[in-house]
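Both of the next two complexes hold chain A, though its partner changes from chain B to chain C.
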Partner chain A sequence: MTYLADVAALTRKDLRVELRGRDTLPAMLLFVLSALVVFHFALPEGSGDTAAYGLLWVAIVFTALLGLARAWVPEQEHGVLDGLVLAPCDRSAIWLAKALATLAFLVAAQAVALPAFVLFFEPLDATALAGVLLADIGICAVGSLMSAMAAASRAREVLLPLLVLPLAIPLVIGGVGASVSDEGGRFLLFLALYDGVFAVLSWASFEYVVTE
Partner chain B sequence: MIRARDLERRYGRRRVFTGVDVVVPRGGFGVVTGPNGSGKTTLLRLFAGLAQPTRGALMVDTDRSRIGYVAHEPLVYRELTAVENLDLFGRLYHVPERRERIGMLLERFSLWEARNERVSTYSRGMTQRLALCRALLHDPDLLVLDEPYSALDENGASLLDRELESLAGDRTFVIATHDPGRLDRLATTTVVLA
Partner chain C sequence: MGAALLLALVIAPEDADQGISQRIFYIHVPIALTAYFCFGLGALKALLLLWRGEERYDLESYVAIHQGTIFGALTLITGAIWARASWGVWWTWSSNQLVLFLVLFLFYCAYFMLRYSLEEGPRRARSSAVYALFGLALIPVSFLAIRLADDFIHPTVFTREGPQMSGTMFATFCVSWGAVTLLAYVLYRVELAGKRLDADLRELREALR
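Then we have the complex of A and B:
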């Protein structure tokens, strides 16, 4: 219960900091909507739904990257991460709270972006939506860890995509597969498996990322 | 208690310090001094458990939950108020009677009036006083303070003098400072880094 209370306190803090600063969510919203508008005019007539779903996933991955790039900025200002690391809570709670807050921002951005996608391109069925949600969880789990690693480096803006994008490829494959394949359920299973494995790995390794 | 023998810390090929021996007994008052770049901050980070020595033996006989740390940076969120920051750390440290303790510290460090303002609106001196509140919040046994007088005006510095005097003896202190004369009366151990 203490662990969950720590996670709740840290997540609430992340959401409050974003509500006050409005640094991340507006940028994510603006980017994903702009990308979909550009794709709408760039995609030739009769390109088919596969191309449209592919572009949706490009927009989703880069919107997530935008959120992840700013995920640890509040901790970098004033060196707060040292304060959190010194606190007697389980350090994985810091990662879990950050992943949950980033997931909340990504879902909020998609609450606007997905209706826009339906308006511009194709309808999304329940399997495609489930694919998006599962991929979001995977991106935020892995991305929050990688973002913490990149934040410790001076070249974090360069390092973050290098770390996250290779790990996001299976998520994109699973997400597009869930959207266009007749066997969407298998892709959802693959995404759920990815989420489980990488969430456990990230949870277990976060302590080594933030301590020497 | 802190016992360090032949301590060395390197960052890559750059050696920050070497051959540092320190003993600060329980309830002792250690003062670390030296010129800029001599490794005071690095040494304090080792004592706080935020870094590891590259050579030598270091024993800090205090659980991490019982350490209070003031760094160069205040370690508080700019977008949160003083109360919200202290409430967050109070929850993470499981401070009993958290609200009362937060109110008492904010009063003591003259931040009560500004308790609901965001830290981003604070002066450097106010932020430093908040950092001291955060470090004292969980009533730690070991206080590791890196240049705690920096940014404090004369009133703030006098306030800190009184706090240190009232807490010395009950708790173990390690303080890095450019002005060791200010702490002469309290110091039981002095480390001079070259």
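Then we have the complex of A and C:
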């Protein structure tokens, strides 16, 4: 039970830091809305209705990248990450807490972005929304790990998109499929598979990334 | 390698559908299979590094992935040549194999970016190892994703009934595959020896300072 308590404590810390600092979430929100407006102008006349769904997923991925880039910044100041690693808790709990907090921010940003999308472009059905949620889980799981890797490097802002985008490709395929195709269920199943595989892999390997 | 090329170009019978352009598949498919094998080897060495902690696995994993990336790039190039000869275009998104390799190529290029941006040491070794394992997990997941997304027009080489090739063609394919694997192995050993020598030289320089 202490594992869950650790995760809960760390997630609460992240949420509280964000509520007090308010730098990541407003940026993500504004970014996704601006991106949607740009997409309206980016889609030429007669593109077809389904093109908008593709662009929605591009917006989601890049908003997530924005959030992930700042995910470990609070831990880097004052060497907090080293302190957490030294603490007597399972290292993977740190990853889980970070992934959950980032997920919370992403969902919060989407709570505004998705209605805006429906307003500007096309309606979204339940399969599409389920796809968005599953893809969010996937991208936060993988992205939190990659962000920790990139945080230790010299070129962190540049490195994070490079590391995450190839891994995000299956998520985009799954998400667009869930939004557009008639057999959305297969894509949802695929997204769940992706989440399962990569969440477990991230959970297991986080320890090796943060320890010296 | 010469014997394999000779067999591929001269002795194997022409495939009825595609004629002479089909011959490149004797090179393309073994290169693709070798690339997969190299990525798998890299991931295995990475796992050994994380599990056993011996430093030599880091360099072995890196060299294996380097070889895999080179062969991956060759797969894309030979695949493009084949696509041009068979379908008249240099690139097509309907070819699942090519799209999968493109995704993997991007992924493993990012591997090198990760390595170059971290300071040398156990942290770099471990992060690279974790990334290599992610790459291995990405191969089947990507394959599934791409299959879900597109029609499948890449000619299937091995079906469940067995290789769809006649006797001589299959023999040529095996020789070619053996030759490419041997090439990959030789390159791997050469590069590993070279990198080890570099590392030893650097250590000596540090010691003499």
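As a working rule, the second predicted complex is superposed on the first by the 207 of 212 C-alpha atoms of A that agree within 3 Å, B and C clash if a C-alpha of one lies under 4 Å from a C-alpha of the other, contacts with A are read in each partner's own complex, and residues count from 1 in each chain.
Assume a contact is a pair of C-beta atoms (placed from the backbone, for glycine too) under 8 Å apart; a residue touches a chain by one contact, two chains touch by 3 or more.
Please read all numbers here as calculations on a predicted model, not as lab measurements.
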Query = chain A superposed: clash or fit between chain B and chain C?
reply = fit
Task = Once the structures are superposed on A, label A:186 by its partner contacts, choosing first (chain B), second (chain C), both or neither.
result = second
Inquiry  = Is A:40 touching anything from chain B or chain C once the two structures are fitted on A? First, second, both or neither.
reply    = neither
Request  = Considering only the touch criterion stated at the top, classify A:2 as touching first (chain B), second (chain C), both, or neither.
outcome  = first
Query = Is A:16 in contact with chain B, with chain C, with both, or with neither (first, second, both, neither)?
reply = first
Inquiry  = Going by the contact rule set out at the top, does A:79 touch chain B (first), chain C (second), both, or neither?
reply    = first
Task = Look at A:198 in the shared chain and tell me whether it touches chain B only, chain C only, both, or neither; answer first, second, both or neither.
result = second
Ask   = So, A:209: does it touch chain B (first), chain C (second), both, or neither?
value = second
Remark   = Of the two partners chain B and chain C, more of chain A gets touched by chain C
Key: Touched partner set for A:89, first chain B, second chain C, both or neither   = first
Request  = Check whether A:149 is in contact with chain B, with chain C, with both or with neither, and answer first, second, both or neither.
outcome  = second
Smallest separation in angstrom, by C-alpha atoms, between chain B and chain C in the superposition = 5
Message = On chain A, which stretch or stretches are contacted by chain B in one complex as well as by chain C in the other?
response = 211-212
Key: Footprint of chain B on chain A - complex, ascending   = 2, 5-6, 9-10, 13, 16-17, 20-21, 74, 77-80, 82-89, 211-212
Ask   = Of all residues in chain B, which touch chain A in the complex?
value = 48-52, 63-65, 67, 69, 71-80, 84, 88-89, 91-94, 118-119, 127, 134
Partner chain A, residues of chain C touching it in the complex = 50, 103-104, 106-107, 109-110, 113-114, 117-118, 121-123, 126-127, 129-131, 133-134, 137-138, 141-142, 144-146, 148-149
Inquiry  = So in the complex, the part of chain A that touches chain C is made up of which residues?
reply    = 142, 145, 149-150, 152-155, 159, 162-163, 165-167, 169-170, 173-174, 177, 186-187, 190, 193-194, 197-198, 201, 205, 208-209, 211-212
